[in-house]
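Notes to accompany the following structure.
Think of it as A, B, C, D, E and F in the order they're written, each chain with its own count starting at 1.
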């Protein structure tokens, strides 16, 4: 299952809710302001790093680059482009957007 | 594979419509089929041809219209959302006596059943919003 | 409006409070229209979405339509799997008694009245999401 | 006392415009002066007379127009926001060759300087948004 | 100074930010989805109760009533109507909306 | 555009990240227009607003205009009091070095180049809010 998070984890609880109910094996894709959840050294980095143990976490590279944070992405997070985004949707049975 | 796309926010204020556009374009470029793009809530504002964005900004509405023409996309504005938010095609103009119509080329106004149908017919539904 | 092919599992996820934004109301409109398509429908209320089901709303002072009665009509549309995040209730200081009592009549059991709301844990929510064919997010 | 009001969201999706309306009305009823209501971002959508809300819902746009007429209110839509979002008066219609105009009675399109001026002239600025 | 909070404290960090930088003597008005911050027995009630020690907290009654929570408002929070909202704006030198 | 009467203290508060929503950009437009009115202007970046000042943004991939260069032009408009919430930076794992270096030239000191950004604590922010005549929220 693919979870899409498009909100900053410092402003809203979307990422928190996603992490709370996503299952081992799930994929979490961070887009738009959600990309801030992919950064190292922040208040939420530990929670995201913990998720990497049993879930795949991806970040949309163009959204990270637009925000000047592409170089700060946590080790273990995959950077994808829109083609990769499409592939993730195709490869996963369900899609849940945490709006 | 067959995708349905749902867009819940208008152009410019939120990035949702931009993300939906690039996703749709990438899916088409990869050979997938887009069953329908359904615009709900403020998303119906993506279908107004009354916009005149600054020269140095992208034209969100026109970009959708052009993609629709190129790929014969079905772009549907929810009628209830459109009536609340001021999207009017020629039929609605006559019915409600408005001073014009503002639905951009490639968009059509229809009911929520079109969204349900997209959920049924498409292999995946991807929702973009706030 | 009939559709060929197998029935799909539709889940409507409601995560936003009512009235501050219109999503709760426009979600209900989709659910009502969708009921005619005879899919296998569930509703999940989590995060601030649990506030949508609180009883005793009075919207006169803000000039908006009070749509809370619509939830109690869902049973008549065969929408009777209404899941509510129990953790979300707890952290808001709410209990099941603060919510509307939503029921449906089971035609297989001589129209016995049954509760529509089921409180679910985070694990049950995770399982619920995984088994869906289509998820609508509001 | 003299109030300036800023409205950042359109009608129906967010409550911001409702709150701003009831606040403005209450202030007027108490004898205060409203220097100006400035609509920015998606707030410009409050000024479209193309809406036809359902019978059982409030008419947000008309309510503003009527309040403006009753109290000679100055309702200003930001021109840059309006151009991006498809709000067009008769001047803009001619200039940009649109199929109509959709600015409701009582609203006018003008520049951001009108917001700054409201900040300077009013005793209080109250911002409603998302 | 008057602080206006219109977001649910369970979804966004607006109330948290407001409580962090509002001064003793300030007034905090909860409107729209912000009224949920006024309720007793929740995860944020203690923080709001603590603010009552040196700040005034008000809730817009019509917004609380619309949401069915008017009867659950914490002791010590003033319930005001739109007239009261106008009076608060007039009585305070500055207004900050935590959008 | 000149105004009679005393100068007012204007504070623009930016609390939202760039690009995900347009508020950051439309806030800058107000600041630039407002500069012509010769008020006493300050900008405060707090919460996700601190992300607006990060250097090295590249928006080509999302087709939006990169407006970050505009921040470095603010000094030329006599907008040189730019306050940044230091706690907000810290919880995001950011330091001053991650932000653009914004400067202005002080005509009273032979156009000496000075830093525009001042890191502030929560107490300083509280004080800053209290001393304003008008606050614009974005």
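Methods note: a residue touches a chain if its C-beta (ideal position, glycine included) is under 8 Å from a C-beta of that chain, and two chains touch if they have at least 3 such contacts.
As the structure is a computational prediction, the values presented were derived from the model and not from experiment.
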**Neighbouring chains common to chain B and chain C, by label** = A, D
**Asked** Using direct touches as single steps, what is the fewest number of steps from chain C over to chain F?
**Response** 2
**Prompt:** If you count the contact pairs for each chain pair, which pair has the most?
**Reply:** B-D
**Chain whose Cα centroid lies at the greatest distance from that of chain D** = A
**Message:** Averaging over Cα atoms per chain, report the distance between chain B and chain F in Å.
**Reply:** 35
**Item:** Between chain A and chain C, centroid-to-centroid distance (C-alpha), Å
**Value:** 27
**Complete:** Taking each chain's mean CA coordinate, chain D and chain E are separated, in whole Å, by 26
**Complete:** Residue ranges of chain E touching at least 2 other chains are 6, 10-11, 13, 32-33, 62, 81, 95, 97, 99
**Item:** Multi-partner residues of chain F (at least 2 other chains)
**Value:** 19-22, 47, 62, 64, 134-135, 137
**Asked** On chain D, where are the residues touching two or more other chains?
**Response** 12-13, 15, 22, 41, 57, 80, 125, 127, 129-130
**Asked** So what shape is it, when you link every pair of chains that touch: line, ring, star, complete or other?
**Response** other
**Message:** Show me, using the given definition of touch, all chain pairs that touch one another.
**Reply:** A-B, A-C, A-E, A-F, B-C, B-D, B-F, C-D, C-E, D-E, D-F, E-F
**Message:** Could you list, by residue number, the parts of chain A that touch chain F in their complex?
**Reply:** 6-8, 10-11, 32-33, 36, 39-43, 45, 61-63, 65-72, 81
**Prompt:** If you look only at chain D, which of its residues touch chain F in the complex?
**Reply:** 6, 40-41, 80-81, 111-113, 115-117, 119-120, 125, 127, 129
**Of all residues in chain D, those that touch chain C in their complex** = 12-15, 18, 22, 56-58, 130
**Fill in**
chain F residues touching chain A in their complex are 16-21, 47-48, 51, 54-62, 64, 66, 68, 88, 91-93
**Asked** Across the complex, what residues on chain F touch chain B?
**Response** 19-22, 62-65
